[in-house]
Each structure stands twice: as C-alpha cells, then as structure tokens.
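Input: structures, listed below.
Both complexes shown next keep chain A, but they swap its partner, so chain B is in the first and chain C is in the second.
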Partner chain A sequence: MGYVLEARGLVKRFKSVVAVDGVDLTVSAGERVALLGPNGAGKTTTLLMLLGAITPDEGTVDIDGHRLPRGRSRGMSEVGFVAGYLPLPDRLRVREALSIFGGLCGMRRADADRAVALNLERFAVAHLADRMCMDLSSGQRTLIGIVKAVLHQPRLLVLDEPTASLDPDVAFRVRSALLEVSGNEGTALLVTSHNMVEVERLCERVVFIAKGRVVADGPPADVVAQYGHEDLEAVFMHLAGTRLNEADI
Partner chain B sequence: MRGLLATMGNAFAEARANRAALGSQMAVMVLNDVVWVVFWVLFFRRVGSVGGWDARRILLLLAVLTTAGGITLGLLANARRIGTMAVEGELDAVLTLPVAPLPYLLLRRVEPTNLGDLLFGVCLFVLSGRPTLGRTAVFVGVVLASATLITGFLVLTGSLAFFLGRSEGGDLGFHAIVLLGSYPVDVFAGVAKVLLYSVVPAAFVSTVPATLIDSFDAGRAAALAAVAGAFGLAGWATFTAGLRRYTSGSLWTRA
Partner chain C sequence: MSWLRVKTVVRRHYLVLWRSPNRWFDIVVWPLFDVLLFGSLGAFVAQENDASRAAAPYLLAGIMLFHVLFQCQISVATGFLEETWSRNLLNIMTTPITEMEYAAGLAVYALVKLAMAMAAISLAALVFFGFDLSAVGWALVPIVGVLLVVGWALALVVIGMVLRFGQSAEILAWGLNFVVMALSGVFSPISALPGAVQPVAKLLPTTALFRGMRTVLDGGAMPWGDIGAGAVGAAILCALSYAFVVYMLRTFRRRGYVTRFS
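Now for the complex of A and B:
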C-alpha cells in the first residue's frame, strides 16, 4: 500500500534550539494515525512541516508522491486540514464560503455545491448553511471547518485537536462521521489531540514525539505495553513527566 | 486557474458583502484624486509648463498612475502587505492550500479604497486623454505593464522581509514607487533620474507610459515591457526563495 504521507529525517532548528530532530513519519492510504506528544515536544513544528507551512532544515516531505515545497499545489490538493483556529470568511454565508473553497480545490461549481450539501448533511450541520460565518460559535466553526476539509475528498485528512471545542455528544457525532469518511472513501487520518480517549477510539496507530524525536510508533495497545502502563493517558503523562524531570536537571 | 478564479470571486464577494463601505471608500478616494487634478490644473495655469509637461500631459500621467495603482493596490491588494505577512507569520493558512501561494495572496484581497483609484483613472483618461481607438489600446497596454511593474516591485521589496526579518522594506518600496511615480521624471536630474530609471523604476510606472500614449515608440514600449517583466520575475523569485526561510507565526489568518 502506498504512502499518502511520507516524511523522512525531518529536522527543524530555531536558532540554537532543535525543535524537531530527525522525525520519520509515514501514513498509508486509509490509515488512521495519531501524532501525540506533550507541549514543546515538537509536534506543532512537525505538523507545520508536514503541511508545507514551514520548510524543514533537513529531510523531505512527500504528499501522495508530490515533494514539498515544489509539489505543494498538487500535494495539498490531496490534503484536508481541520483545526479550530482556521479562519472562515466572516462576511460570507456558510454555503457560499464552502462552495468557493471547493472552487479553490479545483471543483466545478455544480460538483462543489453537491459536495457542500452532502457533507453539511453528513456532519449534521445543514441548518447552518445560510448562516453568516461571523455568526457561528466556536464549535460550529470547527464543524464547518471539517465539512470544508472533506469537501474535495482528500486522500489525507489532518486534524489538529478536532473536537477540542465541541460538546461530548457533538464530538461523538464528529468521530463517527470521520470514521465513516475514512471507511467509505479510504481517506487517511492524521490526528493530533490531547484527548487520549478520543485517540483510542479514532486511531489504529499512535506516534509519540518527545524532545523532537519519535519515541514510540505502533498500535495503541502495543505502545501502552511498551511503556508498561495501563492506557495512553498514562503513557502521555509518563513522557511529559520525563521531559519535566530532565528539564529540572 | 479555477482555483485562482475562485480566489478572486471570494475577494469580490467579501468586498461586496459590505456594500455601504465599498461605495463610500471608493468615493473618498475618487474625491482625493479629484483634489489632485484641481491642484495640477491650477498649478499649470500659473506656470504654463515644466520640463515639457503641461496640464494635459500631467493629467494623462495621473490617469496612468491611478489606473495602474488601482489595479495593483485595489485588485491585488496584498501586494503591499507581503513583508508584514512574512514577518508576522501570517502565511500559514495560505501555504496549506492547494494553490500557488503568490498568485493566491495577490488575488486574495480587494481593497475598495484603491478601486476608487482604478475607477478614477479610467474616467480621467476618457475625459482628458483624447481616447481614440489607438490611444485607448496603448493606454490599456501601458497600464497593464505599469501595474505589473508596481506589483513586482512591491512583492520584491516586501519579500526582502523574509531575509531581513523586518517589513519596513515593503512600506518604503510602496511609498517610493507611488510618490515618485506621481511626478514626471523630467523634473528630476542627475543621479536621481538614473535611480528612477533603475533601482526605483518610477519612471516606467507613469512617465514612460504617458509618453507612449502621446507618441508611441516601439523601442520605448519594448523597454517598458522588459522592465515590467524583469521586476515581475524578480518579485516572484524573491518571494519563492524567501518562503524557504519563512517561520510560522501560527496566526492562521486569511491573509
């Protein structure tokens, strides 16, 4: 099975600080992977490099075979990105904003409109279609952001804390819809989250980063066993604690 | 191409969404430009001409400058914000989109105030530029070249921020090209004149285009096209090289 995302030997330095130190990360088609790590571990920097927002000092990123940054446009056309902080055009209605984004991804107007209707329904937010984006709550913006990200049927969906601003029932609905997207359309998921319960429900593989390096990579149960804890949350605490202890020294 | 058209559509849709502000901002800029016209007409009524430039020629120069400036600063409004966006880390969201970053950025935002310039410039040419078919064709051509030059120059000076870590270069470039372009280059002499034909190519923004409309010369037109193309390419190359040095600000704005 080919890799939708293949990052090799990623290194990023900010002056004398090595934020990411030789990270390798692959995501296969249809795979659901969590990228985890305590604050300051290098997770966000890694994510920014995977998305092409910053250029690594060393290493390569290929998205669906397109190497960044040269193949950025074609590579990113296979990626949908979801994060609560992603902006929406405040002065446009939801339907209009989504349709325009579909055009940005190269979709014909009619196809974009059809995909908008389908996905608004799928994520149970069809009632927001004619609302102005500026009038959406934080949770609603996240939901519309998810609709926006899946609109063009990307091969890879990158989700940064996708349910952080959602009520538990809505978060459950979103997880179900994401699993449906992944299952039906073969979309790979790369998720960052601090909610380990969510990770265990959504992902079949976890990659832990600490101090800019990958320290564990495998199915959740294997990683939990590797560290001798009872669940992912305990592993997370362990890694964060290790970092703090070493920093104290 | 479809993506870029969608980007432009988005920018206009957002500008249109606030119709009252769109109209009033354009009107204010038109009024501002009318004041300039009144000033120049009164000035040349007193002095006759300066360095071969009279009221009619200066209005033609103003028509070229405001139309070209209106295209760059109105339709490609982010051209003058490249430096600020680079330094403040506002490019993250743009870089994750499936489009070429520079064309997207340029088309992403419409500035209603400067659309007033564009409207004014076209009207001024129609009213005072003796618009025959031939002169209109030359006007369109030189305005597009001038707009390309201004855009390239602003992207170039703005993109220096990727390397310098400061955005003043973009602001300085903007003020230099627009202010110096609002005067005929013939009022300058010596080193200043050389600079206006080279480092800060304000002469090619307004004086050369206005002269071409009055007396077309193939050699001069080719020079204008070459300079516009060179600055366009230099802007693109500097921006592309600069992106490799871009450090996220994690702002995720819509640019």
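Now for the complex of A and C:
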C-alpha cells in the first residue's frame, strides 16, 4: 500500500505531561482522513510532528517515503498546509504572497504566477489578488490558504481547523474546494476539526485521539457503531467525557 | 541548496522593505545621523589642535565600517523577526525550504540593504565632510568582507536567542551591535577602554579590523596581520554561531516552541 503519510509510534512529552503516547497514523494516496479529539487530546502536537515542526521523542514519520527530519525538504514538497488560525504574511499582496509560497516550494516564478492566477480563479477568489494579506477576513484567509497549499500540486493536504470560526456559507465553500481538489487531483486530505457534521461530509475515515492515544480508527459509520452512539458528535462527547441527556443530544 | 528558493526569500523581504517606511530608518536615517554626529565630533576635535586632525577620518571611517557590520546583522536578524511578527514562521517551516537556504536568502538580502545604506552614508560623508571612504584603499575590500561575516554570525546568535527565549530576545537585534561597537575600538584603540574590559575587546575579531583600518588611514602598509587575525576570529565566531543556532533550532523543535509564534 502506498502511503503518502506514515507515522509509527509517535511519542511526545512536555516535561511530565505525555501529550502524544504511541500514535500510529497512515494516510493513503487520495484518502480523506479526519484527526479528531477533544481539546488537549494531542491533535495539534501530532499534526506538528507530522509536518516536522516538532521533533517526536520517539517514533518515525515518513512523507511520501521520505523519513523526517533528514528527508523533510523532499517530503514537504508533497505537502500543502492550511490552518484557519494562521495568517498570511503582512505587507504583501495576496498575489505576491502566493507567488512567494510557490517559490518556496521550488516553483519557478513564471510557473508560480501562472498557478496563482489559475487557482485564484478556480476557487473564485481572483478578486482578492491585489488585496493586502492583512486586510483579508478569516474566511477569505482560509480560501487563500487553500490556494497557497495546492499551488505546487502536493499529494497531501494537511488542514488544521480549516473552517473554525467561519460562517456556514464560507465553510461550505471551503469544503467544496477541498472535495474538488481531492476528487480532481487525487490529493489526500488530513483534517482536524471540531465540526463533526463537516467531518462526516468531508472524510471517509476518522481517527480519534484521546489522552494522546488513538482510540478509534475507521470509517465514520464503523466508529459510531463501535461506541454504540448515533453519530460522530455523540462519540466525540463520549471521548471528551461529557455526559448529556437524550434531550440535549 | 536550491538557488530558486534562496531568490524567493530575497524577493519576499525586498517586497516587505518597500512597503515598510519604518525599515528605511535603519537603512538611511540612523546611518545619516551617525555620519553627522561622528563627522561633526571629528571636525570639532580637529579644529582644536593640529595633532588631532586625524580624528575626523578615524571617526567617519569607523562609523561607516561599523555600519557594514550593523546593516548585515540587522538585516538578517530583522528578516527572521519579520516572520515572527507576521506569525509566518509555521508557514515557512511547512514548505520544503531548508534552514540553510533560508539563511542564505537573508544573507543575500542583507547585501542589498547594505549596498543601499553604504551608498547613502558614503554620499553624506563626502558632501558634509569631504571624506571619501575609499581613502582606506584596497584594505577596504578584505576588511569589509570580514565585517560582513561577523555581521551574519552575530545575526545567527540573535536568531538562536529568539528561537530559545521568544520575542523578548529581539532587543538583542539592535543591542548586540552596540556592545560590539563599544568593545571593538571602532573609533579609538582599545587601550582607551577600561582595563577590565580590554581582554574581552582583544578577543573580538572586529577589534583587529578597526585597528587595521586606522593603520591604513595613518598611511601604513596593508595590515595583513590584523586582517588575518580578524578573518580567523570571524571564522571561529561564525562556526560557534552556526553551532549555537543549530542547537537552538533543535531545542525549538524538541520543545514545540513553534506554537509561541503561531
């Protein structure tokens, strides 16, 4: 099986706190996977280890067959990263910032500029091309973030809370954009989200993390059945330790 | 090493420079006032008696060569700080660019800023005080070359400190230059410094370079000894700074400090 991402036995401790405790995670080519868990479960730490931004205490990460940290540069050329909370560089126009990200991914300037124009059109945000990055709304920033992440046609898109704090209509556009990228280019998606409805619409496999460990891994329907609940949200509540009445649910 | 990615880093910071009027203070405004300050001080001292007529060239050449180090250091350090100010560090870290390519991009960008700053202050020194830095002669070339290396090395120290201690350490981006300025005998021999700090001053590669500069201004021969000592010191400083920043980057990744900047 060709994995675009393969992490084995990831462990991360911050002083006496074990944030991630033996996580195994694989993403196959073209697969859409959600990494879920309550706050403090270890999702972001796991994600940052997968991206090479944090070094694991134990375990290995391979991206498209390149072992981190030695193969980080070649591995990251197959990854696009979007985070709802991450701004684009101040004092650059959208077009310039995107062209620069293309360059950092190894694209020639003319190729990067062409890819920028094409993808701004594709995601219906061409009207933002000459806007300063610092003037974008959070929804616009996320859409531009997706354009940034797909410029170099990576094999894996990693998205940390891509629709957090977005209006439903903008969240819908973001989801549609992601499904289009995955469907048309066979790009694998690894998404973290607290929105279970979104996860069910977007992903074909969910991986639940609680207290730094993988506690469930499979198609959403299987995971829901495993915990004997009605939907992913109830599973999430269960894992977060929240007890709800039937009426609340 | 991808030259394409190095060029992209230069372009990124060059674009920001043109959109940031505040950055021009470091490149043009402060250097101009430094030339005015030290040039007028030198002119005043020279008027007092004939024996002090070398003061103006000493001071002007000193401040101008100090700006070689200053511009290199500040350009690389603030280039990196720009990524922290705009919370762009995680964006950069999740692209294929390597640390070496990024540092090389900042170093090249520093040369662009240095050229602009030196053009401004050379013109000011010529117009206001009739001083031409080329009076230092061919010795200028190796001295400037070694000062560039020292500037880059000091910037790596600042970046390492920011990686380890966060943005509170950014004060060093400006402050460290003035420590070096005070201890390197930029304007006068280090024998004028208090005895307690002279041993530290002797260890700095910049001390030998500024001593060499004064030798040439006094009409002496090419100061190969001083230039060689400066070059060896700069190479050692560069190796130590590189090891320091690599260690701090490893600590930064191990302790997950990237979340401080995102």
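Everything that follows uses one rule, which is that the second predicted complex is superposed on the first by the 240 of 249 C-alpha atoms of A that agree within 3 Å, B and C clash if a C-alpha of one lies under 4 Å from a C-alpha of the other, contacts with A are read in each partner's own complex, and residues count from 1 in each chain.
Just so we're on the same page, a contact is a pair of C-beta atoms (placed from the backbone, for glycine too) under 8 Å apart; a residue touches a chain by one contact, two chains touch by 3 or more.
Please read all numbers here as calculations on a predicted model, not as lab measurements.
K.L.:
Could you check whether chain B and chain C clash or fit when both are placed on chain A?
P.N.:
clash
K.L.:
For A:F123, using the defined touch cut-off, is the partner it touches chain B, chain C, both, or neither? Pick first, second, both or neither.
P.N.:
neither
K.L.:
Now for A:F236: first (chain B), second (chain C), both, or neither, which partner does it touch?
P.N.:
neither
K.L.:
A:R74 in the overlay: touching chain B, chain C, both, or neither? Say first, second, both or neither.
P.N.:
A:R74 contacts both chain B and chain C.
K.L.:
By the touch definition at the top of the document, which applies to A:L48: first (chain B), second (chain C), both, or neither?
P.N.:
A:L48: touches chain B and chain C.
K.L.:
After lining up the shared chain so the two structures overlap, which partner does A:A83 touch, if you call chain B first and chain C second: first, second, both or neither?
P.N.:
both
K.L.:
Identify the overlap between the chain B-contacting and the chain C-contacting residues of chain A.
P.N.:
14, 44, 48, 51-55, 69, 72-74, 76-77, 79, 81, 83, 85-87, 89, 91-92, 96, 100-101, 103-108
K.L.:
Any idea which chain A residues touch chain C in the complex?
P.N.:
By the definition above, chain A touches chain C via 12, 14, 44-45, 48, 51-55, 57, 69, 72-74, 76-77, 79, 81, 83, 85-92, 96, 100-101, 103-108, 148, 158.
K.L.:
Which residues of chain C touch chain A once you look at their complex with the stated criterion?
P.N.:
2, 4-5, 7-9, 11-12, 15-16, 19-20, 82-83, 85-88, 90-98, 250, 253-256, 258-259, 262
K.L.:
Given the complex with chain A, which residues does chain B contribute to the contact?
P.N.:
Interface residues on the chain B side: 2-3, 5-7, 9-10, 13-14, 17-18, 91-93, 95-101, 243-248, 250, 252-254.
K.L.:
For the complex, give me every residue of chain A touching chain B.
P.N.:
On the chain A side, the touching residues are 14, 44, 48, 51-55, 69, 72-77, 79, 81, 83, 85-87, 89, 91-92, 96-97, 100-108.
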